[in-house]
Structures are given as C-alpha cells and as structure tokens.
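Here the chain labels run A, B, C and D in written order, and each chain numbers its own residues starting at 1.
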Amino acid sequence: MTTIGILTSGGDCPGLNAVIRGAVLKGSEVHGQEFVGFLDGWRGLVEGDAMPLDRSRVRGLSHEGGTILGTSRIGPFQGPQGGAENIARTLERLGVDAVVAIGGEGTAAAAQRLFDEGIRIVGVPKTIDNDLDQTDYTFGFDTAVEIATEAIDRLRTTGNSHKRCMVLEVMGRNAGWIALHSGTAGGAHAILIPEHPESIEQICEWTNSVRERGRAPMVVVAEGFTLPDMAQAHSTKGMDGFDRPRLGGIAELLAPMIQERTGIETRATVLGHIQRGGVPTAFDRVLATRLGMAVTDLVADEQWGHMVALHGTEIVRVGFDEALVDHKSVPAQRYQEMRVIFG
Amino acid sequence: MTTIGILTSGGDCPGLNAVIRGAVLKGSEVHGQEFVGFLDGWRGLVEGDAMPLDRSRVRGLSHEGGTILGTSRIGPFQGPQGGAENIARTLERLGVDAVVAIGGEGTAAAAQRLFDEGIRIVGVPKTIDNDLDQTDYTFGFDTAVEIATEAIDRLRTTGNSHKRCMVLEVMGRNAGWIALHSGTAGGAHAILIPEHPESIEQICEWTNSVRERGRAPMVVVAEGFTLPDMAQAHSTKGMDGFDRPRLGGIAELLAPMIQERTGIETRATVLGHIQRGGVPTAFDRVLATRLGMAVTDLVADEQWGHMVALHGTEIVRVGFDEALVDHKSVPAQRYQEMRVIFG
Amino acid sequence: MTTIGILTSGGDCPGLNAVIRGAVLKGSEVHGQEFVGFLDGWRGLVEGDAMPLDRSRVRGLSHEGGTILGTSRIGPFQGPQGGAENIARTLERLGVDAVVAIGGEGTAAAAQRLFDEGIRIVGVPKTIDNDLDQTDYTFGFDTAVEIATEAIDRLRTTGNSHKRCMVLEVMGRNAGWIALHSGTAGGAHAILIPEHPESIEQICEWTNSVRERGRAPMVVVAEGFTLPDMAQAHSTKGMDGFDRPRLGGIAELLAPMIQERTGIETRATVLGHIQRGGVPTAFDRVLATRLGMAVTDLVADEQWGHMVALHGTEIVRVGFDEALVDHKSVPAQRYQEMRVIFG
Amino acid sequence: MTTIGILTSGGDCPGLNAVIRGAVLKGSEVHGQEFVGFLDGWRGLVEGDAMPLDRSRVRGLSHEGGTILGTSRIGPFQGPQGGAENIARTLERLGVDAVVAIGGEGTAAAAQRLFDEGIRIVGVPKTIDNDLDQTDYTFGFDTAVEIATEAIDRLRTTGNSHKRCMVLEVMGRNAGWIALHSGTAGGAHAILIPEHPESIEQICEWTNSVRERGRAPMVVVAEGFTLPDMAQAHSTKGMDGFDRPRLGGIAELLAPMIQERTGIETRATVLGHIQRGGVPTAFDRVLATRLGMAVTDLVADEQWGHMVALHGTEIVRVGFDEALVDHKSVPAQRYQEMRVIFG
C-alpha cells in the first residue's frame, strides 16, 4: 500500500481541486493508494502539516475553484526544516511514500532538485499563464481566457455606447497567451503581449482606424507588455512633474497615452484576481481530472522525476528536466497571424 | 400620428436597448406612434442628428447591452443650438412631436426645465447605481449586482486558497446599493458604503475575526466610501513621502491599510466598467421592456413632465419634480441589519 | 434562549440555503436564538430527525443551490407521528421552541392548521412559480427566469440558422410568471400561459408572421398551458391511431401541431429540472437572505401564524390566512400588454 | 483577385460565424481575396443564392452563435440544378473561383466528390459531436460540453435536495464525446455512451452505491446509447400494455427503469437544442477563428480537396479523403479510465 502526499504550490488555478479529486478517486480504486494532503504547498510538506484525503473528502470537488489544500509561495529548501534530507525524514515519519507536487515552473525546479536528492516525487503542471513548455495547455488557462473574454464582451458594448477606447489588462507577466486567446475570442482591435513589442504610435494607428469606421477600439494588453521606450512612458504618467516608478498596471499607463495622442476618450480596466478564481470551465475540469488520474499511474510505475502533460488529446509523461528547458512563449507566427487583422 | 424622438443620456446601462425596443414595438402597434432616435444623448436632439427607428430596427435588441443610439454627458442647454427655444425649432423642423429622455438625475432635471419651457417631454429613469428616488429599482442595477456578485464568488475561492483578504471595489459614488446587494449575495464579511462611515479599526476588527476562524476575509466597498479621516488615509499611501491626492480608487487605498494593520496579505480589485456593459439580466430586460412600453402611454396621454417608474410590481407615473426631491440612499436600517453579521 | 427548528418543504428552490444562513447568522447574533434543522421537510419534524445548525455550518451557503436540510413532499399530518399533538410533544422532547417552515402554498396551509392547534410556527414563502399571493416575488423565481432566458437566447440563434420554429416549455403549472418574464426578456414571439388560452390558429398566425419577415419564431409555453380543445389536440398526437393520454409535455404537443399547420419545421425543448437547481442569482440571494433574517424577528416578537413577505423594497409580515386566500395569477393586463407585440 | 464562396452546411454550431469572420478578415487583408456567402448551405451554392461578405459585414461576429449564412441539410447533388457540372457553371456565372465548405462528415464527402469532379473546393470541419477523425477538436464541441456541464451543476443541487437520481441526456448519436467530457467535468456517477454498452443492472448498481452513501446519483447519457437488450427496454415502457416504438429519448427510457429497479425517485432531462445555440466559449471562438484564417491559405495555395484541422496546438491540412476514413469514437481506454470511478 502506497501513501501519497499531494501539495498545491504557487498561485492558485481553477482546476486544482479537480486534480486532487481525480488522483484520489482513481489512485484508491485502481492502485490501492492512500492519500494525504500537505497544507499550504511546500510549507505543509516541510512542516509535516497534512490532512487525510479519502474518497469522501474529495467527492463533488470538480467544480470548485481554489484548492482545499491551500497554497503558498514558500519553497521546500527554506527554513530549518527544509531541504531534501529533512523532508525525507518528515515523509518517513508521516508514512508518506511519494509526493505529488502540483505547481508551476518554480515547483518543477524544486521537485527536480528534490528528485535529484532522492525524494520520490512526481508532478502535475500548473500555470494559469499557460507558459509551461512540454504541455499543450495547463488547466486554469481556459477559465482565465473565458473570464477575460466575457469582460471584453461587456466592455465592447459600453465602449460603443460612449465611443470610448477600452483597454483591458489581463494576466501574463512573461507570456501573452491569455491576452492572445481572449483578444482573439473577443474580437479585440489590438492585442499587446510581452513577446512582441509595439510602439505607442502603432497602437494609436490601430485605435484611430477603428474610430474612423465609427466603432469603439478595444485593446487587450498582457500585464507584462512593455512599450519600447518604457522610461519615457513612465515619465509621461507623472502628473506632478516628478519622474517616479509607475504604480498602476500597464493598462493605466497606456490609457492616458492613447487618449492624449488620439483624442479618443480611453478607459482602463484591470481584471486582476478575478481571472484566477471561481468555477473552472468544463475544459479545465476535464484536463485537470485526467492529469490527476494519470499522475497516480506515474506513482504506481515509480517513474519519479516526471510530470504528466497534455500532448494533443493524450496525457503523456515528461521529465521535470525536459519541462524546465524552455518557457512557452507565444510564437511569432501565432502573433503575426492575428496582428494582420488588428485595427 | 405622433412622432416620438428617443434619446439615451449619461452613463450607459444594460437595458437601454430593451427600453427602446419596448417603446417602438408597443407605440407603433397600440398608439400608431412613429419613432426616431436622437444620437449621443442630448447632442443628437440639440443638433437635430437623428436616425429612423422602425420595428425592424429594434427587433432582437432586448438582450443587447449598451445603446444603439449612443450616449454622451452633454446637456441640452449647452452650445449655440441648445436651450428650449432652439430645441423646439429643431423638433418642429424634424417633425418630432414629443421627446422620450432615458437618463438619470441630471437628465430628469434638464427634462423638467425643458418641460417648464414648453417642450413635450417624458422620461424613463436610468441609473446603474439605483439611487433615483420614486422608483423601486432602475434597470441596469440588477445586472451590475449580478456581475459584482460573480466577481465575489470568484475572489472568494482564490482568497481562501491563499488566505488573503480580498477587497473588491464596485460602483456607487453617492449610494451604496450595488455594494450592499452584491456584498449580501456574495456573503461579504464587510460592506462599506458612502452613507455609513466605518473606521479602519472597525474594518480590521472584522477581517481579523474572519481570519481567526480560518477563512479569508472578503470586503466589498463602494467607490464613494470614505474613511472618517481620509486625509490621514491619503498620506498613508504616499510612498515617496509626498502628500498628494490619491490616484487609485478606494480599494487600492484600503488594501495596504488593512494589510499593514492586520498582517493579512490583502489584494484590491477594481471592477470598473465591466459592471455597466454586456448582456442584461432577465430582470433588467423585463423592467426595461415594461418601462419602454409604458412610456408610450405617457405620450399618448400627453402627460408631459412625467416619467415612468416601478412601485412594487406595477409601473406607475411620477412627475420629474417629485423624482428630483431626494436621492435614494441606502437606509440606515438596511445597512444595520447586514452590519450585525459582518466579520 | 429560544431554539428554532427550520425546515424546507416542497420542491426545492435556489435561495433556500441563503434563507437558512440569513436566519442563523442574524438570529444567533441579534436575538440570541439557537437553531436546529429538521431533515427532509415535515418528515424531520414529524420524526424528530434534526441536525444542529450553528454559525459555522451555514457560513458560505448563500451561493449554494438546493437545501442542506433536504426536502420532501410529505405533510405534517401524515403517519402515526403526525398531527399537532404529536408534533408538540416532539418539539418539547427536542427542546425546540418555535418552527420556521420554508415552503409554498401547501406548507402555508399546513402551518396555518398547526398554528391553529397551538404550534408556535412562522413561515417563509417559497415557490419557484411566483404564484403566492401577498408577496411581490418569491426567491427562486428570478433564477428560474434567468435560466429560461439564457435558454431562449441560445435557441434563438439555432432557430435562425435553420429557420426553425423553436418551442420552449418552462415551469408554471397554474401560473405563467416564468413564461411571461423569460419570454419578455428573451423577446419571444408568443408566450402561452395557463391563465390565458390561445387557439392553435392564433399561435400559428403569430409564427407565420414571424416567418414572413424572414425570422425564426420563438414560442415560450408554460407547462400548464392548455389549448381550448385539448381533447382534439391529444388525439392529434396519437401516431398509432389510438386515442390516449398525452405522455410528453405541452411543448411536445404543440410543436408538431405548429409544424403541420404552418409548414415551418418546429422543435420542442423542455427545460425541466434545470430551472430549479444551481447557483441562485444575486437577486434571489438578497431576497432570501433578507427573508431569513426577518423571520427571526417574527419569532422574537412571537408573531406566530405569520410569514415574511416582500412588498416593494420592504420585508413585511403577513398572516398565513391572508396568504392563502388567493393564487397570484398573471393579471390580464400584464398579459395583454405583451400580447400586442407578439408575432 | 480570387473570389471565394463560403457555405455552412448541416446542423449549426457555435463558432460558425467566427470561422466566416476569420476567413474574410484575413483573406481580404493578406491574400487580397474577396468573399460571398452562399445561403442555407449547399442550397445557396446550387441555386446561386449568395450574399456579399465584406469586412464590415463580418466584424463583431466572433461572439455570435448560429450562422449568418443559414444552413440546411440539402446536398449539392440534389435537384435539377445540383451536380458538379451545374455547380461549375453557377460558380462561373457568379464569378466565384473557389468554395469553402464548412460542415461535417456528409459535407466532407460531398466536397470530396465535387473536388473529384473538378470543383475548386476546400473545407473547415464542423461537428458539435466532435466525432470527425483527423482533427483533435471541432469548434462547437467545447460550448456544448460547457452547457451540458452547467446543466449537471444545476441538476446536482436539486437532485441532492430531493434525494433523486437525475438522468441527463446530451447530444451524441454515434459518439459519446459530449457525455464523456461533461460527465467528467460535472462529476457524474455514470456516463453512458454509444461506444460502450452497459446493462441496466450495472447502471442500477452504480446508482445504488451512490445512494448508499447518502448522495443523489447523476447519470449522463448520450442520445445514441442503447441498452444491450433494447427491445426488452422498450416494452418496459409501454404503459398501456402495447409494445410500440419508443417516442421519447433514451433518458426518458432509462429514468423509469432505474426508478423501478432501485426504488430511487428518478427524473429525466433532455438538454436538446440548447446545446447547439448561443454564444460560443472562448475556446471555440479561438479555434474557429484560426480555422477560418487558415482556410484562406489553403485557397491561396490552391490546395483543393483539403480541409484545415487541429493537431495539438497547430492548424494543419488534411485531405478530405483521409478525414473520411474513420469516425472518431471515444477510445475504450478513455472510457475505462473514467468508468473505474463510476458509482
């Protein structure tokens, strides 16, 4: 009988609970595994703070956002109880044979290091930004895109009524996937992503061209987008003459710049934390459930140091090391094919 | 044959198109009225800029957000073409016999003045904030509350996963109706509205008490809420030592104050323009349709200077002058009955 | 210290849990009341089957559909343990001082009889059909209307693509409120309700007129609607030559009749149980919360034999006897004002 | 300058308008193509009934369900004007150089035959059932799954309140994809699909086991599912003693069988046409937009006889002939991995 300890680490994602449910239901039924949940990510593992996870605890969880285990941004090598050696002792003390770590790039890197130092650990990839390499999609991403798209649908009508330009800021610090997909779905007139700089002049050209045909421009911008000369941009914002670091997000920077240059009344909206909470889409629940079920096979096969991933319609296995080679940025071709219809 | 000119003025609201549709479909069928639409609120009336509004133009509009007529914040007394005398001439020139003005308090005040100066005008009340007296509800309000409630539902799960306090800012400059209703629906642990000041100490007491029982505090704040000593609050925010006017909204002011005083990680979300766009709720579509239909009876009865309103389940008639006496604030009793379960 | 036993009876409604939560949170805080929940409606009361209901049990319930107490259609006078005398003994044995019965007309009638026989009982009105007199709206109704309206929005696009007539059957055995409101919100071309018979010829006239202008007719019908000569209608359906009772709903009866008479391909959809489940709208959560809170005042004031109700924007108190005098049907005027724009 | 005629054929799908929009915006901008739309599928092509499709006509369409071109189930070889020779003449007369056919398996087969007979035709795969081989997903499927999942979420709460077994019938005549994905997402206790027969005894075993742990069983069944001995099943339903063909769907057949065998009150809901209408999910809008854009490249490259398809995250090209070799059924492995957690 194998006992598995599950933890969820980093920013939360719609679908985490569905992963946990899928793992517990299948693992207990098919592999005879038992489960505990470490609380608040790596903290629970490091401190040996765990809750029992039986079938009755996880039933009905597939549609619930967040994570019943809690999460944090603490790493497994922090503090006096951290490090592989301590963790190995903690696991033994708790009778936990293997660890399933659900998390993003940082989690995968930490898991790889723990694996290198002898911990029996496998993973489930998680990033709402969809920027993990070696998996087609990560759960949570589809929900975030859906929420952002609904916001665009709403902003479009109010924009048109007032003939305003609406700028919507969505998540995506390093990769513009949420902006690309929600902007495509919502019919945005410009999509701005970290991977592909655009000048303020180009952005204003797009908004002007929308305005000229009598419509209200809709701009979707990923939080990580920067203008080519950001220093200049920043100082533009200083309303009291002082140059100082920007306080708000990129949307709050862009809106007054667009308004000033085009004369189109422009409003910024920052979607923020709404994108990562609440009921997951069916797509994310299915993906998360399948990943959760598949990770129990990884444990049964003792394929430590690997995580499950989506390739096409199949769940596959990928080594942590492979997953950590590259970020998954929006490829130039994907951006360019949308860019030709901007404006 | 009476020709009616419709205009939509002020901030847009989900339901405006349903009013227009209801008026045109009933007015043409029952009263033999004809319709034109003035573009961009009073501007279209003042400049004589109108579009034809026949049955085929308005069909299928009940579920569309925004207003097909456009809106603006311009008043009817502005500019060289403004004023009752000019407007009377413009109406005569266009063959328009009566005006239906859909708008808020400012619109009602302007309409009252035009009525006093002889313009045949009636009204449909509109304010997303629900702060118009003499009507139980205004359309758009229910949609805004629903959107804010969905946001709370989403924020709750991410708040609980991270054990963060979430502060959500919703609309409501002078009245806290959206905050009160969405906070009630979403099970917020504190609701802060312009009508009822609360100290930062009280707010922190509520959030602490939530935290003590292991949950993540959810605070809903109307944009018009102020702390008793707002000057002190403002200076708290200055990160560079300069005292200066607050740039962000109240949520962005409160969040760091709560975090600093309670030690609970706190995040602000400003819902903004999303609240006023997109598909109206069924409630708002029904209310808007009924108001639009009823206003054609006002015209048929030549009851100028009146607007339609909701009392209980009935559509009634109210003079502009009555409607303008008071704001509809959240009564102390309504706030207190919720306040006892805060925390 | 008063101990209150709550029960939910009859068909479930979105908002039941919000009533329970509102009552427990306010009652315990303001009036020092304690609460238990009787399971499965009157059954739990009759059999003395109850669960504790403290503050922690009800927190977070406002957005959850269904009822944590369960429900059934059993009455309090059924079985050997039923009847006022037995119930009085059961309440005494359990230490329960007062009963809050949340239910519809049957529940109110039973509660009235128990009150007459000395039971300290008060009520909260509940009917998804909105057909209870003495209250403007009942919770659950708004959610049902919203769900039906979303269905109409979806059916409209597929109807138009295929140029089909779509017939949607919604709840409403005796009263057509859900059909009237969702049909109004969804822009239906005909709304058929129990209170106002229409002939199949009239219905076909409406659908034909929609078809003539190139659109797809949308018909919303309450389950309780009947054609003037229903016997004839029924025999029409028998595909094997036998006259026999209709098996399906009214939509499945109407669709082939419309298709046969107009030549328009026609499809029926029966919304069914989806209308009464799931997350309540914000409107219903607010109404349910307010009713739940107010019913604790009824108990504190020992105003037995009364229920809380909505008049305009106020929660008021109504005797069970008053509430039972009449059904709340759709008034002829409300139907006629919509009927003029059918087709 | 190439002129392209687009048609949408077969049952409608959320996303059709996004395909049309994507094709027209990109084709006109990048390839200098012009577009017309044939009305009502192949009928418009056969009869030469087309509408102009310029950029302004398709803007803002990405979020609209249905198809602005209309659809029908007529084939291109029907009637006196049908057949490749006539169609070639019609295309020449209209100045249309190439055809883009958006449709399912029947459309692909017809397009293949037209291609064999010299028509310059390419395709975009469309089936809400997701049963087309050679593409990972078809647009419309994700929306259908989302709608079905929302229905399950709603039915679950009412089922639990009443302790009823709920049976939901979803689309899927030959393939159970919608049932599998929505059932997985919704946490169904049994999923019944055409590819994998289950006996009524097995189904009742699952529902009983759910009931035994105090929950309400949720069964999701694809319309094409059949019981091993369907004849027996049918006769079970005859309430008047006559053996006759089943009138209702599979859910209406199963519900009384489950109720009779288990004693659990059981209710059937047939989701029907709601699944194929209305606003597409963001996923479907993105997929449809990408397919629409990519099909204009097929035309520019004169790669007649091919369609665009999704492989992983890439849009690829597939010959009609390859796409027609196989149906895409739910693989046994995908079903079995879910089946182990039924009950």
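Here, contacts are C-beta pairs under 8 Å (C-beta built on N, C-alpha and C of every residue); 3 or more make two chains touch, one makes a residue touch a chain.
Going by UniProt, the chains are A, B, C, D = ATP-dependent 6-phosphofructokinase.
Predicted model, so just to flag it, every value in this text is computed and none were measured.
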* Structure fact -> In terms of CA centroids, furthest away from subunit C sits chain A
* **subunit A-subunit B separation of Cα centroids, rounded to whole Å** => 34
* Per the centroid of Cα atoms for each chain, what is the distance between subunit A and subunit C, given in Å? -> 41
* To do: Could you grab the centroid distance between subunit B and subunit C? Build each centroid from C-alpha atoms only and quote it in angstrom.
  => 30
* For subunit D, which residues are shared contacts with two or more other chains? -> 153, 156, 279
* To do: Could you run through all the chain pairs that touch each other?
  => A-B, A-D, B-C, C-D
* Spell out the residues on subunit A that touch subunit B in their complex, using ranges where they run on. => 8, 11-12, 14, 16, 40, 64-67, 70-72, 147, 150-151, 153-163, 166, 239-240, 242, 244, 247-248, 267-270, 272-274, 276-279
* To do: Quick one: which bits of subunit B touch subunit C in the complex? Just the residue numbers, please.
  => 21, 25-26, 29-30, 56, 59-63, 136-137, 142, 145-146, 148-149, 153, 156, 181-182, 184-187, 213, 215, 279, 281-283, 285-286, 289-290, 293, 311-313, 337, 340-341
